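What follows is subunit A paired twice: with subunit B in the first complex and subunit C in the second.
The block that comes next holds the complex of A and B.
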């Protein structure tokens, strides 16, 4: 038992500090992906509700593809594809040597593309839930399309979309574990290293699972608080038992 | 030329022609893995959902802890925990005669996926059973039905309708998630594709795998649409 504590401790002989730095990378990656994926998801949602059939088709194909592909496959395609593309461009520009694709950026793009596909569904649902009259009323008051969207639709949208987007966040948090396969030193990566060195797989993967679990529990508590806050102006929702 | 070389030959890609047969073999492994874990998981989930709902306080809390753990941690981490972790318990597993099973990567993956999907499906079943109105229970009991009869003939058929759509989604998620099995030496579709890429450095093999995965997902989606129409045919007009 004592040796287990040593293995998990911070410092030279323990892996605690490595695991902690990995956990920070995991959180950083998830947080960096979130705004990118959600914004792209909103754009895809607007495409899917566009009046032009061609734009609607683009939106539908996008979601079908990125919701249907394994995240691991998307990650490989983005990582190797960008790598090859960048090297090609680098050579064409007349430079020599190799250009490396940073794993963090590749992970952010791949997870962001997937998050955009899933969150676009949530955004579409939320956009549909906002009565048309809200927008018409805003136009009648002389607001431009952009202003009406920002000042009238968006604040209501966030409240309706929050539970779905919260779900997307929980999935994203767990998906970040895949990034370890392209050697980004996240929680999963350091756990794997610790396992190789110490031959204590059950201890370390168990610890990693528990760390992810704690992140999930904190997230779900935070999301519940956020939902209560966004619902505070809505009488019948605030009182509803959850 | 066998059929599995045809796609690569048709699009004139050497890597896909060379590794097409391996990749289709991998596809079969993926389908097996998913079919085994989702069906075993479903049986386990139904049990878990019933315990969660009617099993008393202690059992219900235990099931709640189980689902929270498996839904709150990444599948990859769970798979590593089982696959690498089992080796640490080798003497014990040998004693109870299970070591031959846990030595096998395919078994470890199927085992982990079953436990994982059971947790998700248990929540789906729980929600579906809860969505059936209380009056249905009361009316059935008033008619003198035994609780097992009530569940089988009254509650579960109605819950199945509600559960169908989320179960289809869970099946699609499992097809996609099963790709992590390739990280523990299993040559499923993802594993064979990784092998093909490592040997040919041709990115097209990944795109070919992408098309295959999209085909599976599309087939599931269409099948589910048909099944849903059939299960709800008594509710449709005309």
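The block that comes next holds the complex of A and C.
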């Protein structure tokens, strides 16, 4: 038991500080990916609800591709493919030297693209749930389209979409574990390293499990609080704002 | 007042609708609608489902743009203006209250969302909202959310919100449509009193003729995108301008007849009806039960056999087949009538309408 505690301790003899820094990278990556993925997802949702058939097709193709590809494959395509593309563009523009994409940025883009594909479906459902009268009511009060969307539609959109987006966040949190394959020192990266060095898979993977569970529990509590806040005044009925 | 409804000159009208046409694909929702509304007038747009009344209201608001014609508000051409720039108050059929905002925030919203240079001070906004809440008799409910209000209360919040922006014109889409009968009646009275108190130029849509005739200064009747008639309630009821208006307003029976040389004929018999205004050919005679009374067949407008006699409250109602094709008119009889099914009876019409063409 003492040896286990020593292995998990902070300092030279333990892996605690590495696991903690890995956990921070995991959270940082998830938090950085979330706004990018959700914003892109909302754009894709708006494309899918566009009156233009061409824009609808773009939105549909996007979600079909990024929901269909395995996340790991998307990660490799972004990390290696984008890197090659960037280097090619760099040289074409006449610059010398190598241009490298940081693993963190690659992870953020790859996971963001996948999150956008899945969250776009949630956004579409939420947009469909908000009656046209809400927007028109705002226009009739003198609000521009942008203001009406930001101040009237968006708060209601978040309320309707929050449960689905909450699920997307939980999935994203777990998908960050894939990033270790491109050598980003996240929680899974350090867990793997610790296991190789100490030959204690059960201990370190168990510790990683606990850390992910703690993240999930905190997230669940946060999401519940958010849902309570966004549901102010609407628990009593459904028909007030058609 | 004619059937196209020029009540005031263009310069003094609050709203002028001039030849407005609105197409949805190949379908014409509005066809060259022309009428005007005087300042402070309360006008009802009445018609069956699909007649174009809501489309017309949305065109007035700027939520739809016409494919032809123009709309003037306070003498200025508003046809190309967006709803945001028209300064109209619009109350939606289902109120469209912002569900995530309290009553106070809903009413204040149109003022708070104005550009900074046109936005009143917060104290002025609070005062204005307080006044409006008192005006619509909802003082003390400012902290509630729409979901915590009854249908009638929501309706009044929607009205207060529309009035907060000090609109030039107030537009209401089926304002009582989502309410039960008792609340409808109460709110109807309240809206009329409210209008008389505030004097806003108001247009409301309804498919309920009682509502329109009771509430409005004038009623505009739409059918298949056309304005059939506009006028005061009595005028529309007593002098319908078309077969549709005749059958739509009041309980009306139609009898197909033939006109020849200024005389109306039914199955070879001349009717005691003035048909001098009708061209030769098929026509339709319209009568209403309150305007019919049994009489001697020699003086009768119509003659027929009683096909059905039924009890109606304090009296009896007879269905009388007036021709071989089974066209029936109804007449109210006293409870102690000696007439029986099968009896031949003459009917004198104190009032009737004759329009050329086949029945509507």
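Note that the second predicted complex is superposed on the first by the 235 of 242 C-alpha atoms of A that agree within 3 Å, B and C clash if a C-alpha of one lies under 4 Å from a C-alpha of the other, contacts with A are read in each partner's own complex, and residues count from 1 in each chain.
By our rule, a residue touches a chain if its C-beta (ideal position, glycine included) is under 8 Å from a C-beta of that chain, and two chains touch if they have at least 3 such contacts.
No experiment lies behind these values; they were computed from the predicted model shown.
Shared-chain residue A:208: touches subunit B; no touch with subunit C.
Contacts of A:35 after superposition on the shared chain: neither subunit B nor subunit C is touched. Judged by the touch definition given at the top, the superposed model places A:65 against subunit B, while subunit C stays out of reach.
Look at A:102: by the touch rule set out above, it reaches neither subunit B nor subunit C. In the superposition on chain A, A:136 makes contact with subunit C only, while subunit B stays out of contact range. When both complexes are overlaid on chain A, the residue A:192 reaches subunit B alone and has no touch with subunit C. In the overlay built on the shared chain, the residue A:222 is in contact with neither subunit B nor subunit C. Using the contact criterion defined above for the overlaid structures, shared-chain residue A:125 touches neither subunit B nor subunit C, since it reaches no partner.
Look at A:174: by the touch rule set out above, it reaches subunit B but stays clear of subunit C. When the two complexes are superposed on chain A, none of the residues of subunit A touches both subunit B and subunit C. Within the complex formed with subunit B, the subunit A residues making contact are 64-65, 67-73, 76-77, 80-81, 84, 174-178, 180-181, 188, 191-192, 195, 199-202, 205-206, 208-209, 212-213, 216-217.
Contacts from subunit A toward subunit C in the complex involve residues 131, 133-134, 136-144, 147, 151-152, 155-156, 159, 230, 232-242. Contact residues of subunit C toward subunit A in the complex are 61, 63, 82-85, 87-90, 92, 94-102, 109-110, 113-114, 144-149, 154, 161-162, 164-165, 178. Every residue of subunit B that touches subunit A in the complex is listed here, in rising order: 68-69, 71-78, 80-81, 84-85, 87-89, 172, 175-180, 182-183, 190, 193-194, 197, 203, 206-207, 209-210, 213-214, 217-218.
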